[in-house]
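My questions all concern the structure below.
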Amino acid sequence: MSDILEIFMSASFWAAAIRIATPLIFGVVGALICERSGVLNLGIEGIFTAGAMAGWMAVWLGAGLWGGVLVAALAGGFFGLIHAVLTVPLGLSQHVSGIGVTLFATSLSYFIYRTALPDVSSPPRIEAFQPLDIPVLSDLPFLGPALFQQTPLTFLALFLVAATAYVLYRTPLGLAIQAVGDNPAAVESQGLSVYGLRMGTVVAGSAIMALGGAFLTMSAFDAFFFGMVNGRGWICIALTVFASWRPGKALLGALLFGAFDAFQVRLQTEVGSFIPGQVFLMMPYLLSIAALIVVARRADYPRALLVPYFRGQR
Amino acid sequence: MALPAKDAPVLLRLDGITKRFGALTANDAVCLDLKQGEILALLGENGAGKTTLMNILFGHYVADEGSVLVSRGDGDLSPLEPGSPHAALEAGVGMVHQHFTLAENLSVLDNILLGTEKLSTLKSRRAPARRKLEDLMTRSGLAVSLDMRVSQLSVGEKQRVEILKALYRNAKVLVLDEPTAVLTPQESDTLFAILKKLADAGLGIIFISHKLAEVMAASHRIAVLRGGAKVADLPTSECDQRQLAELMVGHEVSETVRGTGAPGDTLFILTGVSAGESRESIRDVNLDLRSGEILGIAGVSGNGQTMLARVISGLETPFAGSMRLGERTLTQANARTMIDAGLARIPEDRHRDGIVGAMTVSENLAIEAIRKPDCQRFGLLRFAAMREKARAMIDAYDIRCQGEDSPARLLSGGNIQKIVLARTLETEPKVVLAAQPSRGLDVGATSEVYRRLLAARARGAGVLLISEDLDELMRLSDRIAVIHRGHLSDAEPTETLDRGTLGLRMAGHTMEAAE
Amino acid sequence: MIRFEPRGPVAVSRTIGVSVTAAVAALVLAAIPMLFAGLSVLDAYVLMIKGAWGSMFAFTEMLTRASPLILTGLAAAVAFRAKLWNIGAEGQLYAGALAAVAVGTGLISGPSFVLVPAVIVAGALAGGLVMLVPTLLKTRLGVDEVVTTLLLNFVILLFVQMMLEGPMQDPMGMGWPQSEPILDEAALPKLMDRMRIHWGLVIALAASLGVYFLLKRTVWGFEIRAVGENAAAARHAGIPVTATFIRVGLLSGALAGLAGVGEVAGLKGYLTADLSPGFGYSGIVVAMLAGLSPIGVVFAALFIASIFVGADSMSRATGVSNYLADLIVAISLLSVLVSGLFLRFRIRLAGTRPARESAK
Amino acid sequence: DPVKVAAIYTVPVEQQWVSRIDKALKAAQERGEITYTFSENVANTDYERVMREYAEQGMDLVVGEAFAVERAARKVAAEYPETAFLMGSSFGPAQPNFAVFDNWIHEPSYLSGMIAGATTKSNIIGMVGGYAIPEVNRLMNAFMEGATAVNPDVKFLVTFINSWYDPPKAKESAFAMIDKGADILYAERFGVSDAAKEKGILAIGNVIDTSGDYPGTILSSALWHMEPTIDRAIEAVKSDAFEPADYGPFSFMSYGGGSFVVDESLAPAEAVAAAKAKEEEIKGGLFRVNVNDTEPKSTM
């Protein structure tokens, strides 16, 4: 028991939790932005893959790390645009379009990767982002190793949470996004473009999601693998609901999930000899469901989520 | 009423507007002028094309033919870019829609601010907006709490926000689509006083209404649409209500008379019923309804009418008190038990609770009776029987639709209400709950609703009429009770009441004094 | 500015015309990656058609792959009709498969006419019960079912792995995480000698007729449609909304469970944790392509299966990376999705005149 | 004429295991002995169809993994007697044309265990695996046995990440083990050696040689070479002498199918000597490493 307590007391545990949470933070912020405007983006799993592949490949081809980040975001934006065109002006089912985008982004990424690198038996590596060494902060006891010895992308993710919260609650654009996800007619009657807002948020949200993928190949690891996204995108869809579509809670949710996962890994070596490993692996999912049950009553759905808007149709 | 100057400049001109939806011509070459300082009332039956015309003016729809011209200040009229609400707003056209266009997840202030600032601005400037609005509110008497979330507002308050939205933008032309449909008489009076003030200050105002009395009282000029075409355009001073009704409907309309009833035994009793937690709750409500009477419930919207209707409809379980219908005690909320016990319920929001828009007229007519033997056998639907019955009801209730197989969503509000009336009244229920039964309905449809409610009363049913329209209550009810902040007063015979007293009670005066 | 106007009833000729257009558009778009990979497009398409329809073997393989897709497609279609967003058909499929092997590998013994129905019922029940959890969480506690069904997929798959490495592991399997084989008497019979096609297809087709009948002709179907189109009005009209959701949840889960039964009892003979290549997720696509029509689901499933099997076989015949097959499926899906618009809407550029038309 | 060979992989070719087969086949193709084509990431449900398609195309030899499709694979093989099948399998060969192989590199794994057991200071070794399947368990168990043989005090931490491809996750599992005091990591998956390199500890390679990617980190590796197996099979097919045999032994050290490498700058000299001596014993048949396919568990 005391061993288990010890886990929570260690800085490296919290550092791991934050690392595991980082791609989820990107993903959940991206998903949240899309959903706030009323568009569910199930393309997220594929967009993660596309971001991971595109970002990595750009770096591998010599674009530099930040160049890779940009390329990943552009790739995400591209698939977001497809989803946006299909679901916003064309008003097609958000579920199908999303799953279609996931299939498309995933298979296109794999196809491009394989066509570009037909003969590798071991995936090529790049020089990935390294943990920052921030003077003073990184040397703080506990907080230093837990919080400040992360790669720049983690800080970018945290910054995006704050920026999203600011934009959403403090700027005219944020008001418009919140409104269009609740009642598109409100936005149109005030002279704003429903399609413009929704397409914009879907593209921007998807670009941010793609950074979650890029983190996997450019920060958490330094190469691209098939299937390496491994369901992380879907988790973000769950976390968005858990967060009641609020950026602050989204960060909290991602960190909690990261902590569960980091804990699960440690617990597995602790008591793994008599409990099947899958029990630990199920834990984050089951705990997410449990958390959802707790927050469900208070969840504040964007009322227009999933509802396409056609001008002048009854 | 002070008329606008004869040579007042024209602010707005609709020039030969035609709009078709498939085979239907919703607007047929409509021409209309609006002068500075003028209040124009637009009349017409449900489906006459009023809203469509205003939507074209505001850029929600694009006209198939014709154009909209607006004055750009120097007296010249220039065409408005079609299909752009943004352009309309820029040109000084403000619109209060028939259905709310509010984001419920935002505060009142944010709803009003929405779209007034450039989207690239880095910070919403709420403080100056708040000052301007507070000033506007004191001048206009349209009071709402600016920091409240819209979802927490009553219908009346939401309407006020809609008007504030337009005023905030300094509109030159203000269009209001049925603004008084959900307001109390007092609120309507205030609104028209404000509109007059605004008109005197140089605004041009168009409003749509089905209430002829207020049209007569508040407008300078009246235009009437029938079947999409303009059939009349005259100064208000030259018309009377009967003539207007005939212009709208195309034939003579008869007045509804209540006549004396013969109330029988007590049928339906609520004792100490309390339900709900929010503002929209009811507390310790006692009520007894006799057969053969219409019991009216008056009140300003947001005082618990909705919750009372939900409880009686079986949608909400009260946490205290009991409900009895004849011998039966109804405790657990369940719409099914209510229906089976012989209670007909006409919901206040007919689009949301009354019909399943995507299903056909005949399915909507059968929906409450779907498990009855005449709709199914061994769990299998009897389509032929359902259709046949639907055709009979369509005839009997004069439901205007393309046939029993057309989707109900395509019907006008009045005809949707007729579907609800037909399916609920056709079973000869013992008790009828009618919540805002004529809200948004035109003269013809309204008189049809009245006729049906009176017929139910005549055959011995007890009718509970919840309404915010005092004229309607006074005209139909045998007794009237007032609901205020969730408390229901004792019912008193209509003869002993007048509009003034009721209005005061609705505002809470007498009742608080009595408590 | 583009505008859409809803269309009324659509003529059959138009439906066919649009489908053909969609197919052509898909083929043109799919040609891009083919060219990129250095293929001769025409040859590739000939190979694709051959790969899915060109021989009895190809054709039965295509049908074999379509069978589970029909069932998971139906699972999504019924649920979506009631606006119960079941994204968990994948997990329910595994639950069905797990129950099928639990019952069919010796738990009970008997002749085929006992065991086969027992396996089918067990699988359907398991799938239904799994879906019951999110349904109850939704109706009782208001928990969003998109998320719970999605998360349960992971939980169930892990549970299946746990079972296959633990109590349900085949002792003869050399330690591989796989179940014991289904008894011969419990297996769904094959439809043809030497081919993989099995009775799962018949079950799937029967299910689609059954669901069609249920939705169109029964009181329960009426209630499902009413709840899906407007739950508030349905409740007001006395329709038991909660009960309807539960019925739909059970049915949807059961259909997905049947897909799992077909895959183990009809095709594989035993259960491994990689039984399904995402049939549950593809089912959503199938259902939506079919416009949630139970009959349409059959055709949509055949379409998706044909594209995949054809493209996969083509990639093998041409030596191109077989990821191309998934890519072509995705492209076809998106093209068909878009072309569906031309059926539902008439599309005009702003300012142009509408044609006079009698449909409203 | 070159022999026509097709391979069917259930995972992408980058997967360590499969990459060894791919490498051997590519080498044969380079030499002009065969034409080689493959399908990767083939879903379980499609495996049988792909086998048949290749057989129908007239392939002389089909190489693949029958692990989760054992029954179907054997049935297809029986229906195409003209084609030779060489499949990874835990079971025996079958008449007339179904030969089997497996990655029998438990011997070098044992030796790398000996090195690790002698090198660890903390006496804690962390092991991160993909799935607990026999092919993985066998190597881990042999490794653990080798380590305990030289150092009875050594303890093991074992985690499976339930994925073949999630290097970030493998890396996090490895970090967790380092937190618990592990100073050597058994790198069954990509990602583990990265964690070791980052934290400046040692890692044990498995199946493929990654010492070039992590200089100074890879202490010792158990390598698998598919060339002895593949080349024999090709030769047999070419000379029309293909037999449904068990090719498994060609992965043994004595046939050069398994090999053991150690970075002598990182390991104690006497440990290297002991391991080399054991290697000779194994090759000479004087020592047999146990085959244990059960799931390894943490011993802390």
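Letters A, B, C and D mark the chains as written, and numbering starts fresh at 1 in each.
Rule of thumb we're sticking to: contacts are C-beta pairs under 8 Å (C-beta built on N, C-alpha and C of every residue); 3 or more make two chains touch, one makes a residue touch a chain.
Bear in mind the structure is a predicted one, so any value in this text is a computation, not a measurement.
Across the two interfaces under comparison, C-D and A-C, the one joined by more C-beta contacts turns out to be A-C. Distance between chain centres (mean CA atoms), subunit A to subunit D: 35 Å. Here the spacing of subunit A and subunit C, counted between their Cα centres, is 28 Å.
The distance from the centre of subunit B to the centre of subunit C, with each centre set as the mean of the Cα atoms, comes to 45 Å. In subunit D, the positions touching at least two other chains are 41, 132, 162. Shown for subunit C are the residues in touch with two or more other chains, namely 3, 158, 161, 165, 321, 323.
Residue positions of subunit B touching 2 or more other chains, listed in rising order: 410.
Shown are all chain pairs that touch, namely A-B, A-C, A-D, B-C, C-D. Taken in their complex, subunit B has these residues touching subunit C: 20-24, 62, 64, 82-83, 313-315, 334-336, 338-340, 345, 347, 352-359, 363, 367-368, 370-371, 375-376, 379-381, 383, 402, 410. Subunit C makes touch with subunit A in their complex at residues 2-4, 6, 33, 36-37, 80, 85, 87, 137, 141-144, 146-148, 150-152, 154-155, 158-159, 161-162, 165-166, 281, 284-285, 288-289, 321, 323-324, 326-327, 329-331, 333-334, 337-338, 340-341. Subunit D meets subunit A in the complex at residues 12-14, 19, 22-23, 26, 41, 126, 132, 157-160, 162-169, 171-173, 175-177, 179-180, 190-191, 194, 208, 210, 213, 297-300. The residues of subunit C lying in touch with subunit D in their complex are 57, 61, 65, 158, 161, 165, 173-178, 181, 194, 196, 263, 267-270, 272, 274-277, 309, 312-313, 315-317, 319, 321-323. Of all residues in subunit A, those touching subunit B in their complex are 170-176, 178-183, 185-193, 300, 302-303, 311-312, 314.
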